[in-house]
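Below you'll find the structure, written out as structure tokens, and then a few comments.
Chain IDs A, B, C and D follow the sequence of writing; residue 1 opens each chain.
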Amino acid sequence: MTDPHGHGQIKLQYQPALPIPNGKLFLWLFLSTEIMFFAALIGVYIVIRFGAPDWPGPSKMHLVELIGAANTLVLILSSVTVVLALDAAQKDNASLARLWIAATFLLGGLFLGIKVFEYKSKFSHGIYPALPHSRMYEKPDVYFASAVRERLRVLYARIDADRAEIASKKTNLLAGPQTEDVQRQIKDLDDRDKVLADKKAEYEQAVGPVAGDANASAHALMELSKRIYPVHDEHEKNAEGEAEHESIGLNDKYPELKLPFVVTGGNMWATTYFTMTGFHALHVLAGLVAFVLLLFKRLDRTRAGIVENVGLYWHFVDLVWIFLFPLLYLF
Amino acid sequence: MTEPHDTHGAGEHAHAGHGTTKQYLAVCAALMILTFVSFFTFRLLHNTQVQMTWAVMMAVSCVKALLVMLFFMHLKWEASWKYVLTIPATIMAIFLMIALIPDIKWRFETIAGGRTPSEERKVHMGYEHEPGTPAETEQGGGH
Amino acid sequence: MGKVWSLLFLMVPVLGVGVFLVAPAYGHWLPKDVSAHGHMIDHLFNFILWLTGGVFVATEIALFWFMWKYDAKRNPQAAKFTHGSHNVEVAWTLLPAATLLFIAIYQMNAWAQVKIFKPDMPATVEVTARQFEWRIRYPGPDGKFDTRDDLFTVNDMHLPVGETVLIDLKSADVLHSFFLPHMRMKQDAVPGSKIPMWVKIKEEGMYDLVCAELCGWGHYKMKGRVTAQSREDFDQWLAQLQAEQERTQEPEKPEE
Amino acid sequence: MAAIPHAHDDAHAHAHEHGREMSLGKFLTTYVFSFDHKVIGLQFLFSTLIWFSVGGLLALGVRWQLAWPWTKMPIVGDLFFSSTGGQISPEFYTMLFTMHASIMIFFVIIPILAGAFGNFLIPLMIGAEDMAFPVLNMMSYWFMWPAFLCMIASFFVEGGASAAGWTGYPPLSSVHSAAPASHTGQTLWVMGLIFVGVSSMMGSVNYMTTIIQMRAPGMTMFRMPMTIWGMFITAILQAFALPVLTAALFMQLMDRTIGTSYFIPEGLIVNGAPAGSGGGQPLLWQHLFWFYSHPAVYIMILPAMGMVSDMISTFARKPLFGYKPMIYSIAGIAGLGFIVWGHHMFMSGMSPWLGTTFMVSTIMIALPSAIKVFNWLATIWAARIQYTTAMLFALSFVSLFIIGGLSGIFMAATPVDIFIHDTYFIVAHIHYVLFGGSAMGIFGGIYFWFPKMFGRMMNEFWGKVHFFLTFIFFNGTFYPMHILGAAGFPRRLADPYHYETFQHLLPMNQFITVCAIGMGASQIILAANMIYSLLKGPKCGRNPWHANSLEWTAPSPPGHGNFDFQPVVYRGPYEYASPLVDDDYFPQTRPPVEGEDKLAHH
């Protein structure tokens, strides 16, 4: 450190207890705190997961185990590249080290990319960390029923508004001179009106009267939910084979419907899933930032310490994922 | 940029405290195989022997974590300080998770009052008929 | 000045013990115990009080005496150059350790009696705490909860004396705590769970039911009342409650 | 090797004074965004002392309501409650005690011990020029500021500041409709605590690295002063416990903002409205919270214990009795501290079997504390006590900590806890430990190290007046609370006299409030003394107390880089009254004398 006061300052000597640089010690201590952070998250997950009366399996939540496994492989590969970068830096091969760091950065980016893809597929099915964004309800109760009714009301109101607009356009056209062009336009409008009317009828038929019935029983509402978003008990799936995966719900058939549905334990599943993978992804992101900073430096032997520290951090991120993958995807 | 450090023997063999590229690749291969082991355990056994798959997967994860720590994080080659830093952290982390587990037991025994979780859920579904719900508490003292 | 300061420190044990001697005479003490198990808790309280009181007086007097005697101004002797004594350390480690272990084991039975060994009987009453009142439910003539003839009151709990009663505690919203100072009972009410409590009241009377866990702005006014009465009076009160309820309440929806 | 300076060597003391004219940029880097551990320590000191006064005023508000319920509250009543004739609202009362505890714990005691004294003393006492990571150190202070701002802002948002108790138990704290203050105020409270956590985490990792790696030659682990041991073990506690609280706080933040329900159980109806999607467990928060907050109690006392050990040994002019057992008992407290958190939850609805387990571990944690008290007493036995203000505060620490420690045994006893849980007995206990213990240690530390911090002595006479009044009023305030607790007087009630059972306790509460006001007023003496001595106090040399440890060999105040010579350590820090030397002290840096190795214990 420079001395701003200008008078000579002696360089003090120390007697370190451990034969490692301060930076590396700091990193290990920091990782200890990180371990406790993730231990708390995983501990909470375990309590909630095994304390829950019901817990949806991965397939119910559109979680593809294969993608998770692929992501694990990506992270493992990135761990190898970063350790090779360190190797190169220690051998003073700066350009090779930079190459490996770049590879690590790309692999980390790929991991995040896959994560984003997974998140998007959850969102597209209406699975968000929690209500009110999430369209999942815990049980087929009055709140679920009213949410369905509210959603249908909005949908129908939109269709009705569109049809009213079409009707007023048609009235305008009928009032004017009936040229061939106008005739064709009126026919067009009629067709569109018919499509909309058919669609509404189709929705009404598909959803059925249950949604409109204030006194619907829990059982009927559960059946409705299954029509909207088919869920299978693990045992059912076992008995009837994997084919059940393919069954299509209303939300899949008509993506514009976005109707609420019931998955017991679904919201707690989503909460823990998004929290744990989210905090992990933040750590990945922090690692990527560190890699970018490294790429601007000449990674020769003098900087091997920095590469080692960033690498240690990155391995820790890998380590966390090694536990998250089975806990979230395979439990 | 010049290469001032070339004289320091850049091409020398790896540090005594580090593995060789070959070792790293072998560890990488082992990690990948282990990943597939847990994946196929899930695919083949999860529907019939749930507890078994959980045990297998946790064991596999621990082995993987150990491999990463030993080889990638170079703990295999470090001096004995590694024990001072890693063992307390590991013990504390495991202890925290274990310490939270009685909560699960508590929930099953006391909340559910001996009922199975699915029976408990039925009680919740009929919740509207218990006191403290909006229908019955209009005259309540809350503001 | 050393004398002044030592005397100031002497005031701590003197007044400290004095306060504890005088306070009970003015009623500033444990409220009257009316439960069958309360004597165990009071005994433990007094036992620990005497034990810690002894340690308190001994250590504080030692502190005073050393301060008084070893004042640099008045004490020509050089300080004793010692870094400690192994034997003394071992002695004052083992002695408190044994005492503490004794305290730990000595109290286990009382805890088990009050909180662990739940009597095998149906609940007499169910209490549901909510912001900011106690909703009390009796099973009615059929002896079962969740049926049409359940009896409800608010903040007014009646219990028979001379017999063990089982109380189920629930909460509808946030945490509350069911605190009966005269019966040495306290239990947090946790939403989403039903927690059993049991008590045998010895004396008739009216007692305060206090909420002892912060439950919001109205925490202070969440006051209930427990009326302990003989079995006959209790049954009569229940019958009266039932009659009132049938007259005023519309019939409840049948259970699913 | 540089020469070892004499104790009263004033020649170097002013060598490091800064130039008179200073540009703005230089001013900023020297006093505001400084990397120097001493400046950061003083920044922590002054920030926390300001918060101390805020927290104290909040406490006086609580006391006013308890002594004269529903009467016109001075100042506050006129400002905010003129429509009700100055009578405060119960919401406001709830907020008062919540913010009092939150501020005192998270913004005063923890940062003043670890942040102020830790920062200032660690490098000086181990012979380092600065912390291992000065930039990180600066950030750890500046991360306190978002927390400060969150807390200040929370007083002005709609609904007021957090009012869910400093423990923030859900569902009260995580459901918006549960209380008026459960809106923005509670969110800001959670965010503030997250920032404090990040700050402490940075600090703790930095302290550990510094203490492990940057000790002067000869300064072995078992030659470190107790203050450093206290700080070191505190840093370890923070590193392991704090991340758990941070995780829990993030979960509560998510419960509050994006609608998750980690701590909100199924089917909750609050104020007639369903809350969250349910499925969580309220007790989970309590487990996670106390997993941090019980060790936090030790985070709040271990450094003070270390500082008090140093002061007692210095002014008793006698080696600390049982140095190693003292260290082992600190370590024992820290280790046991992780497995006793359940004693806060005996009544929480946790399994009573678990209660028994936690009871045993809790009772056993009294053991290391007892060992420490005996050792302090043995240190002043056959000593030559100098009654300085710092010594008086240190001795009062011992005297009051005995009470705080012994009253803990009542709570650890599960059956007794049934009665005294959530009564004023708990309030008495926590204040005897945190005020009678930590705060007295802090006051002592201020009087003791003030000369080193600013190069000027504090006024001893007014220091003793301050001590006398604080000691009297402190006991007057908190000792009767034991009696209140024995009478079952519950805490956190805006109007306990609502219950017939507690009506006769009103006069005693009025007595307590009068003492509390006296105690608060006495602190003005401290503030005045500090400000006056800062400007006009007599200049002091390097070692005004004739103490042994390393910081007293540096100039007062120490310049940049702390030491103007290379410190080398030859012995432990408590060699007072050694027969080997003529002085009654024997600094750690003085070269060995003949026959020392025969006498050496460490």
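Throughout what follows, a residue touches a chain if its C-beta (ideal position, glycine included) is under 8 Å from a C-beta of that chain, and two chains touch if they have at least 3 such contacts.
These numbers come from a predicted model, not from an experiment.
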Ranking chains by how close their C-alpha centroid sits to the total C-alpha centroid puts first chain D
The chain pair with the larger count of contacting C-beta pairs, comparing B-D against A-B, is A-B
For the pair chain A and chain D, the C-alpha centroid-to-centroid distance in angstrom is 42
Expressed in whole Å, how far the mean CA point of chain B lies from that of chain D is 35
Between chain A and chain B, the Cα-mean centres are separated in Å by 19
Listed in rising order, chain C residues that touch 2 or more other chains are 131, 172-173, 192-193, 195, 218
Flagged in chain A as touching 2+ other chains are 18, 25, 29, 32, 36, 39-40, 44, 47, 51-52
Note: chain D residues in touch with at least two other chains are 240, 244, 266-267, 269, 271, 281, 283-284, 349
Note: in the complex, chain A contacts chain B through residues 18-20, 25, 28-29, 31-32, 35-36, 38-40, 42-44, 46-47, 50-54, 65-66, 69, 72-73, 76-77, 79-80, 82-84, 86-87, 90-93, 139-142, 218, 234, 237-238, 264, 298, 300-302, 308, 311-312, 315-316, 318-319, 322-323, 325-326, 329-331
Contacts from chain D onto chain A in the complex sit at residues 2, 15-16, 18, 26, 29-30, 35, 127-130, 132-134, 201, 204-206, 208-209, 212-221, 239-244, 246-248, 250-251, 254, 258-262, 266, 274, 276-281, 284, 288, 559-561, 563-567
Note: in the complex, chain C contacts chain D through residues 1-2, 5, 8-9, 12, 15-16, 19-20, 23, 27-31, 40-41, 44-45, 48-49, 51-52, 55-56, 59-60, 62-63, 66-67, 70-72, 75, 77-85, 88-89, 92-93, 96-97, 100-101, 103-104, 107-108, 110-112, 114-116, 131, 172-175, 177, 179, 181-182, 184-193, 195, 207-208, 210-221, 223
Given the complex, residues on chain D that touch chain B span 240, 244, 266-267, 269, 271-273, 281, 283-284, 287, 291, 338-339, 349-351, 354
Touching chain A in the complex, chain B uses residues 1, 5-6, 8-12, 14-15, 18, 21, 24-25, 27-28, 31-32, 35-36, 38-39, 41-43, 46-48, 53-54, 57-58, 60-61, 64-65, 68-69, 71-74, 78-79, 81, 85-86, 88-90, 92-94, 96-97, 99-101, 103-104, 107-108, 117-118, 120-121, 124-125, 127-128
